[in-house]
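Going in written order, the chains are labelled A, B and C, and every chain counts its residues from 1.
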Amino acid sequence: MLKLSKYVLYDIVRSKVIIAYTLFLMAVSFSLFQMEDNSGKAVLSLLNIVLIVVPLISMVFSTIHYYNSYEFIELMLSQPVSRTKILLSEYLGTALSLSSSFLIGVGIPVVLFYFNSTGISLVLTGCLLTFIFTSLAFFTSVQSRDKARGIGAALMLWFYFALIYDGLVLLVLFTFSDYPLEKLTLLLSSLNPVDLGRIFIMLKMDISALMGYTGAMYKDFFGSGTGALYTIGIMLLWMITPLLLAVRSFNRKDL
Amino acid sequence: MITIKNLHKKFKKLHALNDVSASFSRGQVVSLIGPNGSGKTTLIKSILGIVKPDAGSILFAGKSIDKQVAYRDNIGYMPQIGRYPDNMKIGQVIEMVKNIRNHKDGTLDDELFFDFKMDEMQDKNMRSLSGGTRQKVSAVLAFLFNPDVLILDEPTAGLDPLASEILKDKIIKEKKKGKLILITSHVLSDLDELTTDVMYLQDGKLHLYQTVENIKQQTGETRLEKAIAQVMKRYLKDGTATIPMTENREADYAKAI
Amino acid sequence: MKNLFLIACVLMALPGLCRTLVVGKGQTYSTIREAVAAAQDRDTILVKKGTYYINNIVIIKSIYLIGENYPLLHGADKYEIFTVSGKDITIKGFHFTNSGYSAMNDFASVKIIDASNIIFENNRVTNAYFGVHIANSHHFTIRSNYFNGLTKSEQTTGNGIHLWKCNNALIENNEIHGHRDGIYFEFVTQSLIQKNFSEGNIRYGLHFMFSNDNWYVENTFKNNGAGVAVMYSKQVHMLLNHFDSNWGAAAYGLLLKEINDSKIDSNTFYQNTVGIYMEGTNRINVTNNVFKANGWAAKVQASCMDNTFFHNNFLSNTFDVGTNGTLVLNTFNNNYWDKYEGYDLNKDGFGDVAYHPVSMYSTIVENSPNTLMLLRSFMVSLLDKAERAIPSLTPENLRDDQPLMKGLKLKEKK
């Protein structure tokens, strides 16, 4: 499988988009840290990059890459390689290249300018989100043969996770603010990997505020050992489930 | 070698394969013919596991191909339109496939590689290649690992006459080694002399599967093309044929298994 | 030198003037009780190192009680150790431990009642219910002591330094851990609390009730259950203190309730859930403070009036200001807000557009605390941006009309 991934990686690096992405992240991160005399503010802007841009790029890039690798996939299919292996190699190659882009583009500036627990959790979350959204992109791409539809679906999904979901949550929490919703908010935050990642970072960044009111519950839950395991577990679930579903459909598909 | 039992495949409304059963064994060169959209490519892709049939089974050397991939080690496949990763060079593609195949005995059949002068074009980008050159790459890859079975989908379609001739010679060579060769085409003439069996598909149905001698003998025609045409005409006219449309190949089954 | 020694010998030998009574194994007195009984005013009782089990010695004579190398005074988990009542009494250099606990009475290691001119200095008080309990006294000093309480529940742990109906007290340089309230003031006036370190107490690091005209300066209150509470008092001067890491649903760096005419100057509020919480407070000047990395730098409830925030630095707080109403009768002026995004065209150092420290989202959180889950989400930042463009929910007149463009150079205690 690693053999195949190597070729996928090679193919992606040759496409140069990934290099552009790396440079973009790097330019943004460095300029943020240089411009703001308060590095806390720079990290705040980086947080938005991690939560919004990383999922978007991961989804769109993976989708386009998937459709562009149809030839490669076809070629591999006539070779003695199982479909599961082919798709997982594609996934691994894509996710690895995207996450290394992120690690170089954001990880290095963070290590240079903001090396603490917040910085580390930021980079970790970015990597996890890359893997998760690449997996989601593979899931949607495998469903449809049409590139335009695939990209459309990816964008919709991104929009849902990045914005619409939070809007709905806000609506629900505001409407039912008279009821005890602590358990519900825990559940709601698990149903969106972006939210989960955000809370994971906030536990480091806004610890003081999170200790107030129901926030203390977050700290108690997510801040504890089981909570951290839970967070990582759910994130992994968000990564593995769409990927397994993608593999399942891919195995049943005519190509 | 390959046994197909009651194969069905539907693409939405189109019945691409309708209850197809057949058996292929060593030494055969089967010409798979039929009009466009008759199901030839679907059948080949089913054998390769690229298309998943709705019903029926395919056995390779007695084993179902459903849950395995290793059997593809014994197949060289040349697709109708070879599509390759745009960013790779010819040499890299060949290297990659070599890397991925578990080619055990290690001796590669690079005859076509040199005959097609691939060694001079190694550094060409796949993106820049003409259709014909791509076909050559496909052919090289199909023969490279010296497989027991060769599946060639319209092999000479995009090739220039010279290359076509080279390929034909190569097929004859392989035939002599006793390999099973499946060739699809809608024009027969240029492969006449190679063929041992003819398989005719139309609208997903297997209409004819006979040895060439049988067909020629029964129809009295010396030219294969005409013989087939005659059989088909008769069949379409009154629904009967003087020769059985498909031979009972129980013996082959047994041999294969 | 020889002469000096001679003079000392003579002075010591003079009976009735100022004797030194030595307590210890093989000394004149084997128990402190005997020595106290034998002592007269202005005598010194020197206690040698050792362990002494004590059931409440009452000291009413004006004596100096000095411990050598921290003799251990043990209350056997049942008794109070000293009760001090009188004037001109000094207690120095002891280690008090395991005094009793009572659900009925406020048992303390040392109780000071109806006393004046008391010095309690350089002692260690451990495993005590109340550390030092002072009532109805004046002119006394509690200096450089170390307290470590029982750290049990709020009901079964007493206060470290407890003052009730006192005046002219000096509480200085003490270190207090594990008590209910580190320092507790009730009906105390004209007193100074300075340079104390109050950390890890169950309720408040410092608790003020009905205590007017007091100063507390250069103290550090860290990681206490609910921070510092100042209630029902006026003329309180809070200067140069450090409020650090007071976390929790009901924890505040500084909780002000019904406080009038007071001053909060040059303090640092760092990493508290709420930096300052104000309720029913009037005419308080909050100046030259640093609010850094708090959940809310300040929560000013609608019941507050005429308070002024002037020349403070607000840095990296999750929310700058929170409030529960729309009526705002307090002034914010010339502060530095790191969230300010305005401009300064005339280069006078003040932003040309006003800053609204209350964000839309903080108002939403106030109404529906569960929405805190959406903190820092894209959704929320869009909402805040929209609100900034067209204010509708946030109080329009809670604003800093002249926000500073650059942070003030204020000292931040780390």
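Throughout what follows, a contact is a pair of C-beta atoms (placed from the backbone, for glycine too) under 8 Å apart; a residue touches a chain by one contact, two chains touch by 3 or more.
By chain, with names taken from UniProt: A = ABC transporter permease; B = ABC transporter ATP-binding protein; C = Nitrous oxide reductase family maturation protein NosD.
Just so it is clear, the model here is predicted, and its values are computed rather than measured.
Visitor: Which chain pair has the highest count of C-beta pairs that touch?
Guide: Greatest number of C-beta pairs in contact occurs for A-C.
Visitor: Quick check on this structure: which chain has its C-alpha centroid closest to the centroid of all protein C-alpha atoms?
Guide: Smallest centre-to-centre distance to the global C-alpha mean: chain A.
Visitor: Measuring between mean CA coordinates, which chain is farthest from chain B?
Guide: Most remote chain from chain B, centroid-wise, comes out as C.
Visitor: From the mean C-alpha coordinate of chain B to that of chain C, what's the distance rounded to whole Å?
Guide: Their C-alpha centroids are separated by 90 Å.
Visitor: Just give me the whole-number Å value for how far the CA centre of chain A (ABC transporter permease) lies from that of chain B.
Guide: Centre-to-centre distance between chain A (ABC transporter permease) and chain B: 44 Å.
Visitor: Would you mind pulling out the distance in Å between where the CA atoms of chain A (ABC transporter permease) average out and where those of chain C do?
Guide: Centre-to-centre distance between chain A (ABC transporter permease) and chain C: 46 Å.
Visitor: What are the residues of chain B that contact at least two other chains?
Guide: none
Visitor: Counting only residues that touch at least two other chains, what does the list for chain A (ABC transporter permease) look like?
Guide: none
Visitor: Report the residues of chain A (ABC transporter permease) in contact with chain B in the complex, numbered from low to high.
Guide: 3-4, 7, 10-11, 14-15, 68-72, 74-82, 252-255
Visitor: Touching chain C in the complex: which residues of chain A (ABC transporter permease)?
Guide: Listed in rising order, the residues of chain A (ABC transporter permease) that touch chain C are 38, 40-41, 44, 47-48, 51-52, 162-163, 166-167, 169-170, 173-174, 177, 181-182, 184-185, 188-189, 194-195, 198-199, 201-202, 205-216, 218-219.
Visitor: Which residues of chain B touch chain A (ABC transporter permease) in their complex?
Guide: Listed in rising order, the residues of chain B that touch chain A (ABC transporter permease) are 11, 45, 48-52, 69-73, 75, 77, 79, 82-88, 93, 96-97, 99-102.
Visitor: Within the complex, which stretch of chain C touches chain A (ABC transporter permease)?
Guide: Contacts found on chain C: 245, 247-249, 251, 271-274, 293-296, 315-316, 318-319, 338, 364-365, 367-382.
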